[in-house]
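The same subunit A turns up in both complexes below, where it pairs with subunit B and then with subunit C.
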Partner chain A sequence: MKLILEKRSEQSRAMALLSPLLAIAITVVIGGIIFASLGLDPFKALHVYFVEPVTSLWSIEELIVKAAPLVLIGAGLAICYSANVWNIGAEGQLTIGALFGSAIPVYFTTWQSPLTLVLMLVLGGVGGALFAAIPAALKNRFGANEILTSLMLVYVAQLLLDWLVRGPWRDPKGYNFPQSVPFEGWQLLPLLGEGRVHIGAIFAVIAVIALAIMMGRSLRGFEIRVIGNSPRAGAFAGFDQKRVVWFSFLLSGALAGLAGICEVAGPSGELQPNISPGYGFTAIIVAFLGRLNPIGVLFAGILLAISYLGGEAAQVELGISDKTAQVFQGMLLFFILACDTLILYRVKIVSGRPATAKV
Partner chain B sequence: MGALEAVILTIITASTPLLLAAIGELVTERSGVLNLGVEGMMIMGAVCGFAIAYTTGSPLLGVGAGLLGGVGMSLLFAFLTQTLMTSQVATGLSLTLLGLGLSGLIGESFTGLPGIKLNAIDIPFLTDIPFIGPILFGQDILVYFSFALVAIVTYVLFRTRTGLIINAVGGNHHSAHALGYDVVKVRYACIAFGGACSGLAGAYLSLAYTPQWIENMSSGRGWIALALVVFSSWLPRRVLIGAYLFGTVWIMGLYVQAMGVAIPAQLLSSLPYLVTIVALVMISGNKTLTRINTPACIGQPFAPER
Partner chain C sequence: MNESALSPAGSENAAGTLLEARHIVKIFGELRANDDVTLKLKPGEIHALLGENGAGKSTLVKIIYGSLQPTSGELYWKGEPVTVANPAAARDLGIGMVFQHFSLFDALTVTENIALALPPGLDMADLAARIQTVSADYGLPLRPDALVADLSVGERQRIEIVRCLLQEPRLLIMDEPTAVLTPQEADQLFVTLGRLAREGCGVLYISHRLEEVKRICHDATILRHGKLVARVDPQQETAASLANLMVGSEVAAVKTAKGRAPGEPLLELVNFSMATDDPFGMSLKNINLTVRAGEIVAVAGVAGNGQGELFAAISGESVTADVSAVRLSGEACGGENITMRRRRNAAFVPEERIGHGAVPNFTLSENVVLTHHAIGEGVVRNGLINRLAAHAVNAKITEMFDVRKGTPDPEARALSGGNLQKFVVGREVVLQPKILVVNQPTWGVDAGAAAIIRQALIDLVRGGSAVLVISQDLDEIFEIADRIAVISRGELSEADPAEDMSLERIGLLMAGAHEKANQVGETATTA
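After this line comes the complex of A and B, so read on.
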């Protein structure tokens, strides 16, 4: 018995759509096996994990709150990865975006006007883009590997945030807790309806639509795809690879920064040492699960948000670690990559020795 | 114990995990494969090492378990990238994400438990020599092993037939294939070797550096090891120098803090990451240095013509 991959004459469109579904199915099956091995009823556990988060109004709202940053960041990363530009430091850009935006309520505590919020959001995007400009500049100017530089900067950003909330930006009335002043009024994002859903969700949808149009209908989108597939062909077409690096880094950084300021001006309402449960890293999975396509990212973001909520529910109801969520997320990306092989190849199982070539 | 002696001893402990992981990744990359999952393999090595050492009471079994944990993870990567021909960059990233998640889950029940330290070897008389005794003869086996590994890898890569094959596979996989070498098999082996080294690096963290399990305790060392390979321009002896430079940077922050210098602790903690970026920029700007030794096929998938 031997596994043989046979190259398809052209990419399978059916498999491109089926592959993520297949990956989800395999993840669920393996998840069931893991639950069973922990001594739980796998069907009940999977129900808690994947179904309960979408059954009540409260949890659907919570789902949107969690999906919004994932979609915002994931859509930007999808563009980056389409261009073969590897920004994996979105978590750092999110952090710096949150810091830039929070400077307004920290330094102008009493300033209340709609402009306050607008300025915070703009600064959030600018902060994220500026921070993303560092790996872009180092790549274009010195050829430094952007994967390593963007990732190293995540640690730097998190330490900077830690220093600020424990030092100069600490709330003087906060009983020495590491947190900034609580945001109020126009320093907070308006809510949609009664619950916790804020306008960050609308930003995410707008970003998805805008990027989908850009990738599908504009020259810029075409440039990104050509450079991503074949830099040489792009050069012949007169496309500049460095410009694409700049563009994709600044865009994805700005979206991550916006997601960051939306987190602190939304669900948290203040700066803390931990502002994100790893959204910037999970968004990498979102981008791949969404086929590097902005519309796909929307669905993928919702699914990954379910895994966060399911992890919390499983911890409360089943008494298992919420770390299972991270394991599910990691497995999912693994299986998507494996299933994507089916787009380009046919799998054949050959029994016995492969036939010898005729002389 | 003198102050200088203490500093040197801690530099050695901080450098060893970087050296182990980087020398393994160097071999993987020499065969033309970029495995970005070092961080994931390292953290799995750390949790497996701690878990087995804690349950069996034997740190040596822990070291073995750490090695196997790293190899297991690397074989997942090898299966995807070599057999299923997935993208090496994406697969490496997913290996890191999976490793961080899985280690958190496995390690949860071990958090806060007293660790078992991998003891330093003790050679009578030699270890008692002042100053050089503890430094040269009072280390644990993994420290000696890391130095031996540099020598062995240098010898194998540049003086043996095996080394020629590895370099050929990394330099031009089509030619190597045409000569009759099994490119995929060679790469499987080199990936597994890299996994074993990363696993040992992880075990060193949870059994010798800080003998306990802390979530995410690798804190970016796997990524720094990856940068070290670039920094060393794929030469083992430069990996040795680089690892000790970075280990020194890592430790200097702690000592400056201990001396009460008024610099924010967070700034000192971010030094290793900042220095990594600076080093990458300096070395990448030097085109001749990087071009000569960069494995030409790095990151490219190989599909034998059938």
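After this line comes the complex of A and C, so read on.
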């Protein structure tokens, strides 16, 4: 008896939707086994991890705060990956976006006008796009692998941020803590309601809708999908692969940069050495879990935000490391890529050896 | 030259049959690729296996050669039941196979390539000597120390054949061997096969070229949709009757439109040269070509002589700095990309339907957008795709070209080769282009689909369009072309009227005897 994978004649639409759900289920089961092997009650642990984050108003607000950057970045990455362009450096683009936008409150500490915020947001997007332009240019000009270049630039960005907040941009009144001047007034994003939810969440929703229309209806979205699927057919259609590389890198970089400035002008309210708990990397999982579809990214972003909150809750209530969140995120990506095989293949069980001619 | 008169030498053999396949069934998922197929082959017999694409020929051959195991049914070798577990077991029995796609290493010599297929520990000098003897013996001249990269396709095929012959096969399976050969090379191959047959070796010959089957084969088994439909003596059949057995219905004869006076030049290449940067590509040298309104010009040639590059140069996938080297409707457009050339009412069909002409995991209506987005009846407006318009075009293509499919708008990869080719050609023909360039219009397509496609090209020309067909299929070229040019090593011969061209002349031009063909013709045939 053996298992074989048999190719389907077409991609299975049902499986494309079922695959992420299957991956989530397997992740939960394996997660339960890991908790049990740590000596914890797996059902209680999973409850703390996945259910408690959505049971109180406070935690739901916190969920939105965490989901907003994931969705914003993930939607951009979904476009990139649809084009077969592998931007792994969204974390770096987020960081540079945050730096560009923060230059306004750092250098013009007292400038207060609605324009202050608009300029900060625009600079955030521009910074992220410029930083993403580096791997795009290297790929188009020299054929350099964008996975490596964009990933390595993340560390360049993070070290630059570290140097700035410990050096030239350090708040003179900050008792030598590595942080910038605190932002205030029009240097901060307006809040939605009483809690910590800011208008970054609205940006995320707008981005999802705009990109969904672009990918579903426009020629530009069609061009991206054709180049991503079959570059030769794209050339035959008259589409330019290099232009698609530029477009997808600049777009995803700008969205990551916008997410970066929204983090510092939102929940943090200042620049610090650590402005993101790895949103730029987690957004890669968001993009895949969301089927590289902007609408799907919205749901996937919320789910991954739960894993962050669950990690914090598990640390407090169960006394285990908050790195569990990364374990869950890693497992999820692993299983979803594995389950995606089933979109084009079906599993068949073959009993025994196939009948052959007798000797 | 006529081997057809040969009688199977093994008919007096005591065993009677060399190979027998009884009631072979092979099921893939829901598809019955072979459904109760029986085949019998005598020693010294050249046996044709005929059928359209997807009829189950390859499956049957793979079962005989041990690469696949049958779901049920038995194989008998010299009257004894056998299990052919894998190709090595087949070789041990004495079954050799020459595949359609060669598996050779370009950077190795002939001897080294052959040594790879033989048991290890051979003396290379000894092997080289054996290769020399066998190849000279069977009229397959080969230099053992030549690098494969420097050899023509015909010579590469010889390596594969010699590789089989060294193992002294009792049965040689050949999969579409002449698809890559010039007519002269094919003649040479037939001589070799005839000699093998006289020595008692059986040959299982897969081909869709019915004229050559009639010429060299003693017996023929015909498959259709995985089932055995007939076992016939090809000598008693006509090419048309064999085609009808393969297709299962009358193949519509193409109504030609020859003999009209051509109009003004619509497509011109003037002293066109283009160097390739692909190490396996072919540079185009000083090409001159004119296609006029109301005529079909065909470019014949063996694969890999610059057809792909020529197509790219005309379509605009490759642009050239010499703007006036390409003219569409009289206007210089060498620097324009494919979209701009499409706007000049030119349309293009590339050789590979999957991955070049169509995106495999896109639906047909999405694949309509691929070539209609800059032109056509409003498929794209203001940067937005009008899905209804794309569906309408798809429906129109389906109706005009009888594209068979399970659902109205499946993914391109779900279609059979013939149906996808009808779609890809139809997608351009529905635009009624003034200029149409088609690379290998019916490559790997069944006879029914080929007839529909050829008829569409002829109808287009009747309406005053200019059509350029790049093809390896000489039967097709003679069927539809008004003028014929031959491409060889990136150079194109003068396009002469089809009635002035003979198979021999085309063969010489394919082998590279440009323009001087008339003077050196006789000497070259004997070379």
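Operating definition for what follows: the second predicted complex is superposed on the first by the 349 of 359 C-alpha atoms of A that agree within 3 Å, B and C clash if a C-alpha of one lies under 4 Å from a C-alpha of the other, contacts with A are read in each partner's own complex, and residues count from 1 in each chain.
Keep this in mind: contacts are C-beta pairs under 8 Å (C-beta built on N, C-alpha and C of every residue); 3 or more make two chains touch, one makes a residue touch a chain.
These numbers come from a predicted model, not from an experiment.
Novice: Does subunit B (first) or subunit C (second) touch A:162, or do both, or does neither?
Specialist: first
Novice: For A:142 in the superposed arrangement: first (subunit B), second (subunit C), both or neither?
Specialist: In the superposition, A:142 touches subunit B alone.
Novice: Quick check for you: in the superposed arrangement, does A:218 touch first (subunit B), second (subunit C), both or neither?
Specialist: Second partner only.
Novice: May I ask you to decide whether A:338 touches subunit B, subunit C, both, or neither, giving the answer as first, second, both or neither?
Specialist: first
Novice: I want to verify the contact counts: of subunit B and subunit C, which reaches more residues of subunit A?
Specialist: Here the partner covering more residues of subunit A is B.
Novice: Is A:152 touching the first partner subunit B, the second partner subunit C, both, or neither of them?
Specialist: A:152: touches subunit B, not subunit C.
Novice: Can you list the residues of subunit A that touch subunit B in one structure and subunit C in the other?
Specialist: Residues 6, which sit in both footprints.
Novice: Which of the residues in subunit B end up touching subunit A in this complex?
Specialist: 36, 76, 80, 83-87, 89-91, 93-95, 97-102, 104-105, 108, 219-220, 223-224, 226-227, 230, 264-267, 269-270, 273-274, 276-277, 280-281, 284-285, 287, 303, 306
Novice: Would you mind writing out the residues of subunit A in touch with subunit B in their complex?
Specialist: 3-7, 86, 88, 138, 142-145, 147-149, 151-153, 155-156, 159-160, 162-163, 167, 281, 284-285, 288, 321, 323-331, 333-334, 337-338, 340-341, 344-345
Novice: Sort out for me which residues of subunit C touch subunit A in the complex.
Specialist: Touch list, subunit C to subunit A: 29, 69-75, 81-85, 315-317, 337-339, 342, 348, 350, 352, 355-362, 366, 369-371, 373-374, 380, 383-385, 410-411, 413-414.
Novice: What residues on subunit A touch subunit C, complex-wise?
Specialist: 6, 9-11, 217-220, 222, 225-226, 229-230, 232-233, 235-238, 354-359
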